[in-house]
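Here the chain labels run A, B, C and D in written order, and each chain numbers its own residues starting at 1.
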Amino acid sequence: MSVLVGTDTRLVVTGITGREGTFHALNNRRYGTQVVAGVTPGKGGQDVEGIPVFNTLAEAVEEQGANTAMIFVPPRFAADSILEAEEAGISLIIAITEGIPAHDELRVYTHLKRNPNVTLVGPNCPGILSPGKASVGIIPASFFKQGNVGVVSRSGTLTYQIGNELAQRGFGNSSIVGIGGDPVPGSSFIDIIALFEADPETELIVMSGEIGGSAEEEAAEYIAANVTKPVVAYIAGFTAPPGKTMGHAGAIVSGTAGTARAKQEALEAKGVRVGRTPTETAELAMQILGNR
Amino acid sequence: MSVLVGTDTRLVVTGITGREGTFHALNNRRYGTQVVAGVTPGKGGQDVEGIPVFNTLAEAVEEQGANTAMIFVPPRFAADSILEAEEAGISLIIAITEGIPAHDELRVYTHLKRNPNVTLVGPNCPGILSPGKASVGIIPASFFKQGNVGVVSRSGTLTYQIGNELAQRGFGNSSIVGIGGDPVPGSSFIDIIALFEADPETELIVMSGEIGGSAEEEAAEYIAANVTKPVVAYIAGFTAPPGKTMGHAGAIVSGTAGTARAKQEALEAKGVRVGRTPTETAELAMQILGNR
Amino acid sequence: MDLLEYQGKQLFARHAIPVPSGQPASTVEQAVAAADQIGYPCVVKAQVLIGGRGKAGGIRVAKDRAEAEQHARSILGMDIKGFTVHEVWIEEASQIAAEYYASIVFDRAAKAPLVMLSKEGGVEIEQVAEENPEALARLHVDPLLGFQDFHGRRLAFAAGIDADLIRPVGAMLAKLYAAFVAEEAMLVEVNPLIVTPERDVRALDAKVTLDDNSLYRHADNAALRDPSAEDAQEQMAHERGLTYVKLEGDIGILGNGAGLVMSTLDVVALAGGAPANFLDAGGGSKADAIVSAVEVILSDEKVKAVLFNIFGGITRCDEVAKGLIEAFDVVKPTVPFVVRLDGTNDVEGRRLLAEANLPNVHTATTMNEAAEKVVELAANAGAAA
Amino acid sequence: MDLLEYQGKQLFARHAIPVPSGQPASTVEQAVAAADQIGYPCVVKAQVLIGGRGKAGGIRVAKDRAEAEQHARSILGMDIKGFTVHEVWIEEASQIAAEYYASIVFDRAAKAPLVMLSKEGGVEIEQVAEENPEALARLHVDPLLGFQDFHGRRLAFAAGIDADLIRPVGAMLAKLYAAFVAEEAMLVEVNPLIVTPERDVRALDAKVTLDDNSLYRHADNAALRDPSAEDAQEQMAHERGLTYVKLEGDIGILGNGAGLVMSTLDVVALAGGAPANFLDAGGGSKADAIVSAVEVILSDEKVKAVLFNIFGGITRCDEVAKGLIEAFDVVKPTVPFVVRLDGTNDVEGRRLLAEANLPNVHTATTMNEAAEKVVELAANAGAAA
């Protein structure tokens, strides 16, 4: 098994006729993902190398049975596209788009959380890869192989870095889930860790956090209370100066709360081992899995 | 038993220091209802014949354990008062106020329906009476006695009329629920009929509808599929000319749908007997109960 | 509250919804002056709250001043399905390449605004909905989320709108929705929504119904009420804060609570009578209100008998009795009254009435008995007359 | 994006939030002219994006023109905690009966705006929150429902606001919330919110942080960015669309993705080095961006060695290699570079670099190895210097 995306995924890509949209839609299809439709208003009836394009997400659901949407439209159209996907009955929405206004994210999040039949991952995330099954997003899938480590991360490239460190040591992944570093991510560490806990293929969970917000601290509480599988964590930003923005809106440090140190301590207090570097994190994971 | 209000009701009255608010709060207390608090912003610390007054509903909940709110403030403040009650954790909100703008009702309804822990009855309704236990609202309680007939009605005075017809024939009521005739009632016929179906004291259900909208037609479908107890109905407005507003915003007839005739036919098609007058309705109820 | 076409268009214009320019006029002179200013050809449109104006000859194109004067003269004062034309709207003539239909309805059943769009405008939309339901695209909008761009796209694509108009029509729907919410409308309808040869979209008609309960916070709209469009009795009742609807029969009806009054009409009709009106004296009716109500009811000369049907809740029967006694003192009615008082303070109310010993006032203890009695009295009065 | 006090007040004024009148000035002459116009006494306030201006002598009352000139002269150009004062704000003096605190924060943890109110304003609110948490009333607002009157009442009563000010303070919070939403702020803070002797409430200070991602739809706000407030390198990076933060060390850092760059800083620090900057070249970095990035990094004269840490996803390693080769051609750096390329097209990227045989460019295959190497090179360069 795997979480969220897999062999049942029937993907529709919004913004498929854009350069990046086309590139990654085809990349995902090449990996084995069922890419059943694209959406670009006004281009309904066309196709992208055989993938039919529709004017609306509702049509993509109706005609092609799409159940997962990848949002690849520019930031100013992304909130609308996510809401359209929800209204069309899509059950998993993966928003890659970076730079969506925070208030848009807040409205979208608040609306979607009231619908128990939909999950949003992202925005500003690299997507989800279930090695050997399906890839939705921009994760360079060839670096990862199927296995028993579930990875969840706020940062895109850090996801690859850690996944790759594991792969180099011979480990594979059940799924790699990028949740994004935006102010209001659709899914939290907790949401994804709960899925890994329930996934029989996953034997160990790696979470990769960063400074800002309190998602890691909340995850620590959740893990202590609900998770039986081993969890290893990494936190980026120990040397980030307080009060400086580090690119991600998520990386604003305010006071002591939200520092890498505070997050590390919160996790370790709940028995989660925290690596000081991506390499050390991979080594910790290897040790635990080797001892089982 | 009874539905919605009873011996567990701990009532807070918003607008208690107004003339009508005071009158009906004391009336309800006299009937036996536990009236534990009132709310009037700026009058916190005062009392109304021993009922403590608070500035906010949150304080009434915190200090007095109020679980039911009666909304008695003027229309322009009513939506805010209902939302305040929901936010304060009140589980049953009974809105008596007449004349609340329809768009206010729509916002309030949409917000409240997303909270499974709260029920709104009204607005523009006479309240709820569970004879012998508690009365919340303006129903003239002395005309009714405890018994096994549940009454649900869109119209206030018609509620009294029908309840009284039953009482004159020696029957009593489990509860009498006025749902109000406004465009967006917080509770529908279906909501209340479901409560009566589950209430062991109720043996027969009387629903009193009127022209406009489709609530009676929807109730007919629901009754056929879900209700085992006998239901008798009354519909007012057979002689109302189409297109004329009859006071209730609910009483706008558009085309054939929503006419008294259409409602009668919808109900009778599902096996619900419909009286032509309040008197005939009471007689139908009496026949059914007499034959059991 | 229903708005006249031109009031609706002025409301639209406040929300940047494109409408043809025009001016209202209530005399022929005003109409000609307006037409001169707007230029020719222009359109003279009867302003009444009823459909089918075109078929009735209430909408005419004037190619010059002579025609404008002629049309204004013939339309002003015209009767359209029982409505007298007190105003016309002089509007620039529009060029029409296509006619669409758009509306937003406060959908009570779904508890959400329903937005509808069709390519088949300019005709009766009920007919389109019945004969070709696919041609009428419909979508509900979450009231807290509001209208999103995708709603416009979904409707426009579903309605089969031409490709170059998907965006402008979507934008028009967004503006109509904004107006619907901001003005607290129960209905906003544009039929036809026209496409000009230049591919612009414009509202060529406007049907707007506002929520009376919200008018207190919309001073502009509250000021629009056009008393001349109302029946004289209804206007009188409105001024006195009573809910009154005039009907065709000869039995005046007063009750408290809309449901009870409707029920009273039904019971009177079942007893063979014909109600002259619907009058809800409301909750907590006081003596003053009763005097006003009696005046309104009796101002209708058709009324041959009056039925008071009161079941007291907030309304106290003794107050109603006092009001009736006062009304008899002031109005001195010549027609018989039947009074049924039940509920709060009914014993006291009946006692007051008995003591007052009003002429030709009968009492009844049940609604059915009261209805039968008033029907009989009205029939006798009719026979005597 | 943080606004200066006066920019925040001008934004407040657009939303009908009462603020004292004033004028900005960037020269002593402008300041005196502004003071003359506003009248005396007035207040000369340093405009810098840092707290503690008062203690630092950056806020002074001028009772006449001579004082206004003297204060403007001393404050303009002043250094407050590393920030140079380029502008002052000349403001009418306010009479203060009480100082409250009000703010609205985009609360990421709760995923809702958090509104806070305290009677204890004019002091550091963190201290109030810590020492007397009861004194700071807090309430989350549902983002789709929005701020309701009851939110204002609950906060005002909970904060113990004087009875006569419950309504005006609630109304002020409602306006602040409207501004927060309309301007897409991440923070709106008023400290102090003053009560005048006439019992009016006014914002005496304004701290506003806007969402950079939303600036495209707020032309007014986007135009406010004050380049003089930024570090020279940061300004250069901003103009080139790069995310750059200047740090104190001597090792220039470039990576792709904020998380990876932060991680790189940590790994370099663990290896005993001191990063000179944070630079995220972003997803899909093209050759041009790499050239710009190298220019920005090397414009910091403290830099003794540079680390490129790339893990390719959207970013292609061959593009990065091409950019680096081009940058060497344009910028001709004199400091050593360590380059680690992994991920998409890494083999091709490494091949290009090897072929180009750039002077003083070292490669590494892992992040740890790369960090150790760059720390060693920087140390050697430092020793050599």
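In this text, a residue touches a chain if its C-beta (ideal position, glycine included) is under 8 Å from a C-beta of that chain, and two chains touch if they have at least 3 such contacts.
Quick caveat: nothing in here was measured; it's all calculated off a predicted structure.
Chain geometry summary: the mean Cα position of chain B and that of chain D are 55 Å apart.
Note on chain placement: the centre of chain B and the centre of chain C lie 28 Å apart, centres being C-alpha means. Annotation for chain B: residues 107, 111 touch two or more other chains. Across the assembly, chain D contributes 142, 144-145 as residues in contact with two or more other chains. Because contacts link the chains in a way that matches no line, ring, star or complete pattern, their graph is best described as other. Interchain contacts (touch definition given at top) occur between A-C, A-D, B-C, B-D, C-D. Note for the complex: chain D touches chain A at residues 106, 108-109, 111-113, 126, 142-144, 181, 184, 186, 211-214, 216-217, 243, 245, 247, 255-263, 265-270, 275, 278, 280, 283-284, 311-315, 342-344, 366-368. The touching residues of chain A, when paired with chain D in their complex, are 20, 75-76, 98-104, 106-107, 109-111, 126, 138-140, 143, 153-161, 164, 181, 183-184, 208, 210-211, 213-215, 218, 234, 236-241, 244-251, 255, 260, 276-279.
Contact residues of chain B toward chain D in the complex are 41-42, 44, 55-59, 77, 80-81, 83-84, 87, 107, 111.
Listed in rising order, the residues of chain D touching chain C in the complex are 144-145. Residue ranges on chain D touching chain B, taken from their complex, read 142, 144-145, 148-150, 153-154, 157-158, 163, 166.
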